[in-house]
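Note that chain A is present in both complexes that follow, paired respectively with chain B and with chain C.
And now, the complex of A and B:
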């Protein structure tokens, strides 16, 4: 079985373009959740989100999400220093949900209101696979190409699926990540489910009231470890294992015992051939809904034991970025290993007594961790755990 | 690496709904294309609660998955994975959700409809219905989604990551989507709707439980050919076909039949022919385009694999091939049931 190295990182986040801006924001504990400017919010209980600031670049003929994806993917590929030939053979796996829906919504809204809508997006440009088409064409990626839609675990799933392609010997290199722009449907939907907090979210706080939405993109370059070493690539971390499971319980709610989450984490440990005590940090799914945080904390405790590792939720700073979340959090986890600093849980004032972990409230913590996990869970009971090790 | 066999099939399409015997009868018949699934096709396949609560596309998926499991003689339970391909997802629910807001503001939003706006809603409903608790993937792709799902599932079983996987796809086609596609300048083609799954298992696992093997997926590969987004490429060199044949230990001259993705989109159909000509020359095995009878949808991948597995007349392994505008293409090498258990 081939081992997997992480050799390139690229990010577009509510802190701006670039991995450096992302890590600076996370490690400083800055909360980027603010009043929404992109879409109308009149009449909704929650009117805040973590938007990507202006300056992402790219042609305005592309969707906002495509521009996120292109900027993050380009940074990751350049960071990895792949040649044109290596790119051409690389796999591309994109986690996506909203596609170019933001632009399609604008058109549909105008059409509904009877005004002359702006130029119409093609139906296919609104679908999740649009990003992979754009990236593949613009970046010269001609290996296996996939778009995985697993709701809020899509970004993490993309990394896991890309790792499988390398482990199986199908390719030596893969570009994997997730992307989502804020959309009206997503914002309205979570409002309808009453899962949004009117104030910036507070994961693992006793008084948490729901999640905050965010947007962004993150991509990683994964590579056969031996090949990466042979070409002298910078190795940020290894992807030591991963687990993907399904609750098969409810369309939106997690299994009350978190048994699917437990299996995902246990599978990642098993594939990495690691004991639970080897893991020092969990970048939690940590949405700040009362239900998720309680069940996730219980699941982490069942696998790793109470208090055995640091747990934090970077969603407290950049919101829940949907299909991008798993990839953004994978990058945060890798950078925590690289910098030996665990990012904090912002806005955490009163830790929930039912959460048996140090959730790193408000201030980042120096912590030389050997292994760390990143959890992502999505609608449909879709659970993904990525397990990274220090290079 | 495990050998991967097909032990069940379930399809819900315009002209055929059922398992292996229904597929066999369909293949032996002829007729005009039937692109829509009659509502009566779902009778007895979804219960009253599901009929009330699940969207139609989810019902199509649940029904086909149940047929495939029954055809395989495998009960729902632990150890089962699910890989679903889809091109459009639940467009009908998405538009209903949005229209609720546009008509009545925030008060018009339906919390029940919202999950259906995410394309993994069919996987969620199907995983619950058949208790699939291992990996559950939804792969979104134009044209090739069903074939891609089967190729990805094949890789998972071959590598031992899961014991059994329901793999296939589902698409719904209705007047709203037809109008959106036409208004958006989508290429003309024969579109249909339906769902189809095959159950994939390792040969060892299938033999251990005495399963009736339909055939073997001896090679599976997917790659991209250079093309502009939604466009047709100039390059016709297929690394996917070469890789799938190589994995199967076969050569281009061995291929007995090709199940193609042609659907009446002229430029794309001609591109597929150029790809096949270059990959298989000098051989020119006979071809079958199932979309001519069902319309193109993501459930066709499973129907094509089952058809290839049931083809006793072909002189060699079959190639199930699909290529999409934009360049994603998939190649599956399928041996029929006799060869699946005795060859290699």
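And now, the complex of A and C:
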């Protein structure tokens, strides 16, 4: 089976445009969760989120999410230094949920609350598959195209499925990632589910009270390792394995035993032919909901044993970026291997005694890690583990 | 940027974004008309105009206000090039 290299990275995050700004923020343990400006939150129990600052570029006729995706995808492709022909043959796999919903909501809001006709452009690019269309057309990607809609694990699943396309010999190169902009339906939905914390979220803390929403996009260029070497590409890491499983249990809650999470992590190890002790860091799903962090920590312990590895949650800094989360966290995991620094869990004050790991509270840790996993678990029990190895 | 230079950029956009044949794009002049149904036009429809508008905004760094009637600017390459030139100079 072909081995997979990561040869390009691109990010739009609450720290701004670019992989550099992202890593600077993460490694410094900066929390980018602030008062919401994009939508009206009067009367909500939670009024904060991690929004992407201005300066994304792109025509305002495009949805905010499309502009995130374009900036991140362009950075990843340029970073990988692919030729025009290599680009044209590459697969495009996009994890998406909200699509252009932010603009569609605003349009309907105006349309049905008086002002008519609405002053803003009629919404287009509303559905999740619209990002792939925008990316393909603007960046000259003419290979196979897939949109993965798997709730909060969409971004990780897109990386896993793109790796399969390369491993199976369908393509030599793929651009894979995820994107989501803040939307009313997401914010209000999570607010109604009482899953949002009124203060910046604190994953793995004894006093955690729920998640914070974020937004952004991340893309990686995946490539047949042999071909990447042959063309002299910069190799950030290898994607050594991945696991995808389903709880088949509940519409929002994870399985109480974390059985699907365990199988996802175990499958990733098996596919990489690695023993659990080879892995030194887990970039957790770590949403900071009481259920997720307890069950995830237990599942990690079941696979890797207690205390064995460092665990941290990127969501403590950039919030839960929904369909982008798995991709943004995959990039964080790759960068942790590259820089030999494990990003911290911000806002972690009082470690939960039920969590049997060092969750790297507040300050990044220097740690030369050989292999690291990134977990993503979506509503409906959609579990994805990506396993990266040092190049 | 003069109208002829703008026309060259628009030809590139037609090829890369609207998938026009290169030779057909090369035959276009400032007098060529754009909207579908107009005598001698290149037959752009409403979706083409949206794609073209996005490409123009991103290439020339201008914003076209959709609450204004833009139809008169999108009649021919000449009216479009003049509109773009005026906007880029104003920016």
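We adopt the following convention: the second predicted complex is superposed on the first by the 383 of 391 C-alpha atoms of A that agree within 3 Å, B and C clash if a C-alpha of one lies under 4 Å from a C-alpha of the other, contacts with A are read in each partner's own complex, and residues count from 1 in each chain.
The rule we apply is simple: contacts are C-beta pairs under 8 Å (C-beta built on N, C-alpha and C of every residue); 3 or more make two chains touch, one makes a residue touch a chain.
As the structure is a prediction and not an experimental result, all values here were calculated from the model.
J.: Figure out whether A:83 sits in contact with chain B (first) or chain C (second), or with both, or with neither.
T.: Neither partner.
J.: Once chain A of both complexes is superposed, is A:185 in touch with chain B (first), chain C (second), both, or neither?
T.: A:185 sits against chain B, while chain C stays out of touch.
J.: Could you say whether A:133 touches chain B, chain C, both of them, or neither, answering first, second, both or neither?
T.: Only chain B is touched by A:133; chain C is not.
J.: When the two structures are overlaid on chain A, which partner does A:54 contact: first (chain B), second (chain C), both, or neither?
T.: neither
J.: Does chain A have more residues touched by chain B or by chain C?
T.: Partner with more touched residues of chain A: B.
J.: Taking the superposition as given, does A:124 touch the first partner, chain B, the second, chain C, both, or neither?
T.: After superposing on A, A:124 lies in contact with both chain B and chain C.
J.: So which positions on chain A get touched by both chain B and chain C?
T.: 120-121, 124, 137, 140
J.: For the complex, give me every residue of chain A touching chain B.
T.: Touch list, chain A to chain B: 43-44, 92, 96-97, 105, 108-109, 112-113, 120-125, 127-130, 132-134, 136-137, 140-151, 157, 161, 164-165, 167-168, 170, 184-185, 188-194, 244-252, 260, 263, 378-382.
J.: Over in the complex, which chain C residues touch chain A? Could you list them?
T.: For chain C paired with chain A, touching residues are 16-17, 50-51, 53-54, 57-58, 63, 66-67.
J.: Quick check on the complex: what are the chain B residues that touch chain A?
T.: 82, 87-89, 94, 97-99, 101-102, 105-106, 109-111, 114-115, 117-121, 123-125, 127-128, 131-142, 148, 152, 155-156, 158-159, 161, 177, 180-181, 183-186, 221-230, 326-328
J.: Using the touch rule from the top, collect the residues of chain A that touch chain C in their complex.
T.: Answer in residue numbers: 58-62, 119-121, 124, 137-138, 140.
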